[in-house]
Amino acid sequence: MTASLPADASALTPNDVRTIGDAIAGGQPTLGGPNAWADRKLHYNLVSPLNRHKFRIIVVGTGLAGAACAAALGEQGYDVHAFTFHDSPRRAHSVAAQGGINAARARKVDNDSLARFVKDTVKGGDFRAREADCWRLAEESVRVIDHLEAIGAPFAREYGGQLATRSFGGVQVSRTYYTRGQTGQQLEVAASQALLRQVAAGTVTLHTRSEMLDLIVDNEVEGGAARGIVVRDLVTGRIWSQTGHAVVLATGGYGNAFFKSTLAKNSNVSAAWRAHRRGALFASPSFLQFHPTALPLGSDWQSKTILMSESLRNDGRIWVPVQPNDPRAANDIPEAERDYYLERRYPAYGNLAPRDVASRAARDEIEAGRGVGPLHNSVYLDFRDPLARLGRPVLAERYGNLFEMYADATGDSPYAVPMRIAPGAHFAMGGLWSDYDLMTNIPGLFVGGEAGWAYHGANRLGANSLLSANVDGWFTLPYSIPNYLAPLLGTPVLADDAESVLRAVAETRASVETLAASPGTQGPDRFHRRLGEILYAHCGVSRSAAGLAEGIRLIRNLRHDFQADLRVAGDADGFNQELERAGRVADFIDLAELMCIDALDRDESCGAHFRLEHQLGDGEAARDDDNWSFVSAWERGPEGTYLRHQEPLHFESVQPETRNYKTS
Amino acid sequence: MSSTVRTHARRPLLSNFVCKTVMAVTGLIFSAFVLVHMLGNLKVYLGAEHFNDYAHWLREAFEPVLPYEGLLWVLRLALLASLAGHVACAALLWRRARVARGPVRRRSLPWRSFTARTMPVTGLVLLFFIIFHLLDLTTGIAPAASGAFEAATVNTSHAYENLVASFQRPLVGVFYALAMIVLGLHVAHGLWAAANDLGATGRRFRQVAVVASGVVALVIMLGNISIPIFVLLGVLK
Amino acid sequence: MKLTLKIWRQDSAAAAGRFESYSLDGAGEEFTLLEALDKLNDTLVETGQVPVAFDSDCREGICGSCGVTVDGVPHGPVANTPSCRQHLRSFADGSTVTLEPFRSGAFPVVRDLAVDRSGLDRIIEGGGYVSIDAGTATDADAHQVSHETAEAALDFAACIGCGACVAACPNGSASLFTGAKLMHLTLLPTTRQERGQRATGMTAAMDEEFGPCSVIGECVEVCPAGIPLTAIAGLNREKLRSVLRGKTS
């Protein structure tokens, strides 16, 4: 991961890689603050129970956002078709979330409230999110906990029998609900059970091992409308079309573009990207969160970065040796020669500083030569003090399975020696742009969960994204989709032999066949690894104009190599994982270029997007609200050119300030 | 692939649950029977008279409320019905398990589940044993029975003499001893399985059940096995 | 280290399968089993062969996607650990390792080491859910659940749906999976209304595709979530209870 800057560092300027388009509107209610969502719901159109079965809704993805949306619409009586490339809905990567889910239930007397939740979220996102969305997130968070608890998520309970909470990074209250270190799993299992309940009831048709490869847009409709998808049956290779009145993409995040990320091997951007190619705007692609508590890389063949939950930072203390390249073992370094740098630099938040801040601080230490471990690429997360204070049983109950996982992956027991952690690519704040109703700029195309961009601005607070996926799926899309559908009553779905359907299917088939026939010598994973290295080096924890320009150049070279030397073993008509990967890597390469373009374009630092040119004296991010208080929403022009639209941001409830995690 | 395309197999008349419950209940009946039977058998050590009186008592128990051999027939019918149920359900379950596991055999984890995996085999041996045993000591039909067999009469029983005569044939004695080991294996797992099949989830109960299954099986096995051994050693004559 | 991998190759559910041997050079002890397959596949692609298909996703033991039979044992030599967390350090340098798909009548082979486990989802469809619609739940703090109950429910809820229990079971039974779900839900206060129906529905769905349980107990030896045998007793208890009390609650 050496950032080799090009000789002609200023080769590319933003103007070489993009043009600037019109401003766009987010469609949030004019009435801001806590009443906005109630007011908006009041004005939504409704579909009567008798008519609901006449509407067919396609939901792609069965993670928390998708399973919830499909189940909730099924419960209401719509004709839902749910798709996942997994063999079972439960395997969506939501299942891997560990730490917890936030909710502004404010039961404790630690002075939490809806307003504080909004403030934390907007501030945590470094004022690059739409404030109105955050109010909805806060308000619906209460019902999310109630509902998931009711449908089977066994949330941790206090000894008195009440729901237990803990703290997460970036907040000073305790609003994170959890089930040991398996929160995502329990929520995902509960949601997929709710989905299967609808499958049994006949309202949802579930298509597993089915990958969406294209969006069908009906251009006969004024302004275009999303009316279906093209799907590949991953077992038989059959390419077919599913039409409907609306399409929801809940296809998860794209952090896997970095290859070594906390995401699953098969996580991808393809569904969102293909929609983008059909005209959907892509918001803030470069806003990608690096998780400070990932495990450092060990071998070249390591297939991913394992995440250690942020919850560990509740008790664990992060430090590095004061002495660069200190050769001693962790436990041999005396207290006086340890630098608890987060506690030192951010006394108010200490080890629970937000992720971007913690990741950057770790990177600073590692780059200053104080990194630990054989490759000097990590920092310590030490449980010595809490072990002495709380005892082993308490720690075992809080973090037992995480410690086990760590020991399993590294061979070291965190009870005996400090863990080693490092920043790893994690969560995509960016995604398909959508308005307040979660509809993209293509009418009828909705987006939910991590596939979208909503709520998190330039940096997501820990435990807010399980929440956002749930709020989208259970308590937003089931209101906003009917609003869209109501006027369409009586409109049939596109026929399977409609021109736009046949064209999309034919195009997909052709591109799959081209891909399958790639005559080169290297499998898609090779290119994916190379892409990840480029992104880590040039579009990682910190970025510079020169580095990004170089990144773009390298990515274009990579694309060229990919086209010239890709080999896809096996045939197109059958189960072919190489073919699946090849398609995904192709999209990642395109996305990576746009990430770099977006990062090059955004000439400020904000949240996870840290431009070396823009830092305050003490190394903190220097945001530029005068020029950049907007969301970038990218349109793809002909031949890979890009047009940047902007949605201006307004803040009513939380006034922009410089984030300060030092004193307050 | 679409999970909505569901093919409903025909529901069998006897569900697995029914079969399992029948297995467990009949298995428990058997176990209770062999335990009591073993205790009765131990009377051999009190001498021929005691033993024969006991066997005789079995036949005339509760007379005149019950006719001669009344109790015995009640027991016999209950046991016969149980045996039919137990064996039939075992066969059904075995067959279904074979189909479900598919054509490829899996390599079993060594030993840990030995008694469990051998239930059908030990069961079959027991079936054969029971038939042999009835021919030998109840009906007295050769070649199972020894030439010296004398049937019980209204006044007296020759159970002791029949037993000793039978077990004095070394092959038969050894067969009995081996069969008792098989029985121990079958009961050891059987009782534990029955506890599970009848839904014992309590932590304490399960701990007790594990130990109890082993102990009961061992007691039955050792109690019974001593008899052919002592006959072969010439202690019992 | 160097290993010989004897791998089951099968082109589709209908095709006949066969073992093929590959030698894997230069893998490290710290590799996971699946990373070893990644490396092998990389070489196969490079040399113009068709790579080995196998399912995996999270690679950290939580999604339940992975699952191969290693030397006859589902998931691999380290007990209660999913394939993605099995490491090469378990094998001696130079040894031969046999990799097969999960074997069970209810798990048809999709290709090579990948199988179709959708039967497990059909068990859930039989009733492994809570019939409470979105938005209709009451306040989760309005009812208390003891700390122990919540923890116990979680012990059973930890099942990752990998299907190893089925593959390990000489009877091809999915009782551990089904029992885990029944126990998980039964312990929670909001799910009691449909207790009987759930037990009846799930066992019926299970019996359609999977075998009966004879309490052989090999399932618990491989289960990566550490689901205990109590789950199966729980399954029987719930079913018995529903029969004795009538169906619905």
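Chains here go by letter, A, B and C, matching the order in which they are written, and residues are numbered from 1 within each.
We take it that a contact is a pair of C-beta atoms (placed from the backbone, for glycine too) under 8 Å apart; a residue touches a chain by one contact, two chains touch by 3 or more.
Note that the coordinates shown come from a computational prediction; the quantities given were computed from them, not determined experimentally.
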Chain whose Cα mean lies nearest the overall Cα mean: C
Chain pair, most C-beta pairs within the contact cut-off: A-C
Inter-chain centre distance, chain A versus chain C - centres from mean C-alpha coordinates, in Å: 27
Separation of mean Cα positions, chain C and chain B [Å, integer]: 36
Approximate Å spacing (C-alpha centroids) for the pair chain A, chain B: 62
Shared interface positions of chain B, touching two or more other chains: 1, 3
Numbers and ranges of chain C residues touching at least 2 other chains: 116, 118, 121, 125
Residue list for chain A, restricted to those that touch at least two other chains: 199, 208, 235
Chain C-facing residues of chain A, complex: 68, 71-72, 75, 86-91, 93, 95-96, 105, 107, 143, 145-147, 149-152, 154-163, 179-180, 182, 184-186, 189-190, 192-194, 196-197, 199-200, 208, 235, 264-266, 298-299, 301-304, 306-307, 405, 408-409, 474-475, 478, 521-523, 525-526, 567, 569-570, 574-578
Touching residues on chain C, where the partner in the complex is chain A: 11-12, 27-28, 30-32, 34-35, 38-39, 41-42, 44-46, 48-51, 53, 55-65, 81, 85, 110-111, 114, 116-118, 120-121, 124-135, 137-141, 144-147, 149-151, 153-154, 157-158, 160-161, 184-185, 187-188, 190-191
Contacting residues of chain C [partner chain B, same complex]: 69, 71-74, 100, 103-107, 116, 118, 121-122, 125, 167-173, 183, 203-204, 207-218, 221, 229-230, 232-234, 236-241, 243
Of chain B, residues touching chain C in the complex: 1, 3, 6, 8-9, 11-12, 15-17, 19-21, 93, 96-97, 99-104, 106-109, 112-113, 116-117, 119, 189, 192-193, 195-201, 203, 206
